[in-house]
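Single-structure report; data block below.
First chain written, first letter: the chains are A, B, C and D, and each begins at residue 1.
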Amino acid sequence: MKSVKQIKIDKNLTVNELVLRFESSGVLGAGKIGKAANIFHDMIKDKECKIFIGAAGPLVPGGLREILIDILESDIVDVFVTTGATLTHDLGEALGFEHLQGHHMMDDKELNKQGYDRVYDSLMQNKIYEAIEKLIKDNFEIFKGRLTIKEFLWKLGSVVKSRSIIKTCYEKKIPLFCPGIADSGIGLMVWSQLVQGKTIDVQVFDDLKEIIDIAWNKQKNGVLYIGGGLPKNYIQQSLQFSKGASYGIQITTDREEPGGSSGAPLREGISWGKLEPDAKFVDVICDATIALPLIWSSVKDKL
Amino acid sequence: MKSVKQIKIDKNLTVNELVLRFESSGVLGAGKIGKAANIFHDMIKDKECKIFIGAAGPLVPGGLREILIDILESDIVDVFVTTGATLTHDLGEALGFEHLQGHHMMDDKELNKQGYDRVYDSLMQNKIYEAIEKLIKDNFEIFKGRLTIKEFLWKLGSVVKSRSIIKTCYEKKIPLFCPGIADSGIGLMVWSQLVQGKTIDVQVFDDLKEIIDIAWNKQKNGVLYIGGGLPKNYIQQSLQFSKGASYGIQITTDREEPGGSSGAPLREGISWGKLEPDAKFVDVICDATIALPLIWSSVKDKL
Amino acid sequence: MKSVKQIKIDKNLTVNELVLRFESSGVLGAGKIGKAANIFHDMIKDKECKIFIGAAGPLVPGGLREILIDILESDIVDVFVTTGATLTHDLGEALGFEHLQGHHMMDDKELNKQGYDRVYDSLMQNKIYEAIEKLIKDNFEIFKGRLTIKEFLWKLGSVVKSRSIIKTCYEKKIPLFCPGIADSGIGLMVWSQLVQGKTIDVQVFDDLKEIIDIAWNKQKNGVLYIGGGLPKNYIQQSLQFSKGASYGIQITTDREEPGGSSGAPLREGISWGKLEPDAKFVDVICDATIALPLIWSSVKDKL
Amino acid sequence: MKSVKQIKIDKNLTVNELVLRFESSGVLGAGKIGKAANIFHDMIKDKECKIFIGAAGPLVPGGLREILIDILESDIVDVFVTTGATLTHDLGEALGFEHLQGHHMMDDKELNKQGYDRVYDSLMQNKIYEAIEKLIKDNFEIFKGRLTIKEFLWKLGSVVKSRSIIKTCYEKKIPLFCPGIADSGIGLMVWSQLVQGKTIDVQVFDDLKEIIDIAWNKQKNGVLYIGGGLPKNYIQQSLQFSKGASYGIQITTDREEPGGSSGAPLREGISWGKLEPDAKFVDVICDATIALPLIWSSVKDKL
């Protein structure tokens, strides 16, 4: 057995060096961060491995938008699955709105009057909706024909002018899945067109063929789950009847004991066939806004 | 200020009496259970109030299926939103499969070999998928024409023979929404038809008109969120641009601090307009398999 | 394997009947409550078993004082270990003060001005300290000679007039241990005598002989941990070098992954010798104000 | 209001630079880490401020021993309060034992047979107890006369040969309080002397005078709570009747809602007088093995 190497802090320590020391410590939260950086690096280096990233939670209001774009621009991602909320926040910033620093004790009635929507201690301007509505309304004719959700989102990405998650996925042709897109500001702004008599044809089930095809055709799959929710579960089920993941990382603060998918440890996936029995994997129990910058900073230095 | 009334336990205490004592104690977890029972009773008695229930997490493998059906049969639910997984588990039981008692330390490799899928300490037989596939395959012709997800699910419910959540919603004409249906065993079994060349036309955005209409047309809305995820958020957003909830209960074990929708306290919804500033509401931080039976048992005795 | 029996709710259901149904459901939080009631009943019926209860957290402000006294009066407890805070809150109520129902969003500056100390959503009147100080001051001469903490607390209990945890332990001669007594309102009020020049001789290590003797002399030990902290750990270590527990229940909301004793699952104790390898045990992840009333109500009906 | 500045990752980023970017992001977990580093730096620079550190949880098995020693050697700590377990683990390493990297799924029965005690995924050799017993036995005569716990620990530190937390506190004359010392391996090894007929005179209440004196005599107090438990609460109560903290940081993963001291947000302390109403403070919800290295690395670069 390896000994727990006590973590030392020198002056001007780089993040990568600290994460390597976390890995040498080997245990508890720090050890998991170290192990996650190692596994992420491994799956990127493994040329036979397709990488699926699931991203849920308030990642854009939480300050992770640039990191997500950076990862997407790095030509390592084969599938990106996220929530409608993340794409809505991303679109908001692409349209010129910033999220704001608030506090979780703020008076929500007052915020409501002033047009701010609170996400714990970050704030979104309610005006984002108007800007997204205008974008969708002005470009509604591009959503012609029978579309998958991925096709719908790529088309939407094609009319976004600024650097963003959605535009990067479109330009890099990264399959962008969002099974819960109706449950989002983007969904609501499509709805506002529908109630004015317009129609659109976006199919619920058709994306499944593409994501499962990607999972099926390769020798190895690797997963990085930033949060749980639909993004994680949608990737998990695409692996279930194709090939389980050989590399796995999940970052969550949800508990295991209530049995929900978001808090389920990756190991559970072995019973389902979503994770290979001999996979390298780690569950990082940590706020993603702390864990992801550490992991990505370390991996970026190593690449 | 009211004093904390110490909880006394007599012989043969009824659940309702205990929950009333929880309410009198007024604080911490017990106080919240008591308050939730009170608010749920209030919203049922309020004839002007439409009741939205969002149900996520492993409720069927966790033993809450009969309670959910009981609530749906009680003619109090105006909208039911749930996950594809819940409907898959429900369908599994309707088709004759039971969930099984396992343990979270079981060997997942062994379970995989023996065909059991683990959900913390409950198990699902993998054979459920075959039975669902057969049901969908044998009845595929009923899914004709352009459908909303609700219409798709009602049609599916119409061919289910046994008492179940999906059949009850169909028979009672309770609007059943499931924005993430593609992310489920049902979704996978539709996919298995699609890869064999069949087609289906189920629309991503069309349900939004109906759920928002229901939220808009009434004087008051009440919400009961069992878990978070899409079901909670989908109801939340239907209230955002119509009328915020006047009564609110959420049962979750997710944390507030990472900022995700599932763990967000109801109060946060005031800033968004999802909750009325003067609403009666409570956040119950508890495993739903404990909290919901207590709340429903108390409310059922009062009705 | 047993099937998960879906929980049914009938009118006028008793708590015991519900807990039995939880036990039949067998999984997730409800299953754990059912199992805990069963194990607590088993250890009480087992005449060879000594029962150790560790009680931490705001149990008195949370409304559990009557239940704790009821359990102590039932002649089933061999050792009771608690925090100084619990004894301080208990003494406060014995001296005529009630705890009050507040809210976790209250203005703490305002509460401070008005003399209320907040414990999440319950409040304690700051005047409690004066009453405890008077009790200790007026009776300081009883604390003569070299004392163990248990002896100190029994002496203190002997001058308490009203029904209380401390008085019950004194009258029933239940060994009451409180290794962290200095860290409490009682500790502070002893300090206020010391700074006035009085002295007292209460020994840090001397209780260890008695608690380990109790653990050592019997064929079986059973533990019920309500919360973690010192009470749990102090019992755990008394078992480590004597005889591990044959029955174990712990109620906590702390997480396992950071590795602290309070959140450590009971199973971990097997490696230390604190739990017998073949013990019956369960970890209940639940707010104690919900779980303990359910468990005790069920056990009381069965006895 | 400030905008949320999206976190960018450059090559060879230093930890301090990343923590500064966390601070600029301003929200969620990353924002709290940034704020904590800032507040810790502020309290160190404030010459009028006495610094109290409370340290609980498996910090030594978790790899934080060197960081704690580094902080103690930096001449910034006025009071250090910790658990008996931390001092036991520290003493174990001082006596030549390392902690080992294990896994939380290991077979605890097997570990027990092989003499390893598990702390989540770290392991301690059971032989540590023998070495500590020998140290205490061989030096028992140094514990003469009436001692406070601090005096007892300084004496113990005086006979420790290797670099360690306890030796550093002794050599630097840092007041080291451990109100729960009886609840630890050190306590058990004192007990093993007592049962052989030796006696010792260590007083339960006498340290209170010193810690409250330190809190009382200065213009400002600052607190850093690594974990909760007795260390946090003992510092909190020393501030309650002297002067509340003007700077506060707490690192915990415990929840607020069950009302326990370990999970209570610092704000709650304002009602008790433990925190000044205008204090700078932050609650960091994170595994300490991740948070503390980030905070200390940033502060060390700034000093």
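Throughout what follows, a contact is a pair of C-beta atoms (placed from the backbone, for glycine too) under 8 Å apart; a residue touches a chain by one contact, two chains touch by 3 or more.
Here the structure is a predicted model, which means the values were calculated and not measured.
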Ask   = Where the contacts of chain C and chain D overlap, which chains show up?
value = A, B
Request  = State the pair with the higher C-beta contact count; candidates are A-D and B-D.
outcome  = A-D
Message = Please tell me the distance, in whole Å, between the geometric centres of chain A and chain B computed from their C-alpha atoms.
response = 25
Message = As a quick test, compute the distance in whole Å between the mean CA positions of chain A and chain D.
response = 35
Ask   = How far is the middle of chain B from the middle of chain D, if each middle is the mean of its Cα atoms, in Å?
value = 43
Note = chain C residues touching 2+ other chains are 27-29, 58, 61-62, 105, 120-122, 253, 255, 257-259, 267, 285, 287-289
Ask   = Once bound in the complex, which stretches of chain C touch chain B?
value = 1-9, 11-16, 18, 21-22, 25-31, 33, 58, 61-67, 70, 93, 98-102, 105, 120-123, 253, 267, 285-291, 293-294, 296-297, 300-301
Request  = Would you mind writing out the residues of chain A in touch with chain C in their complex?
outcome  = 27-29, 105, 255, 257-259, 285
Ask   = Considering the complex alone, what residue numbers of chain D touch chain C?
value = 56-58, 61-62, 85, 104, 106, 108-109, 111-112, 116-122, 149, 152, 179-185, 187-188, 190-191, 194-195, 200-209, 212, 227, 229-230, 233-234, 237, 240-241, 253-262, 264, 267-273, 277, 287-289
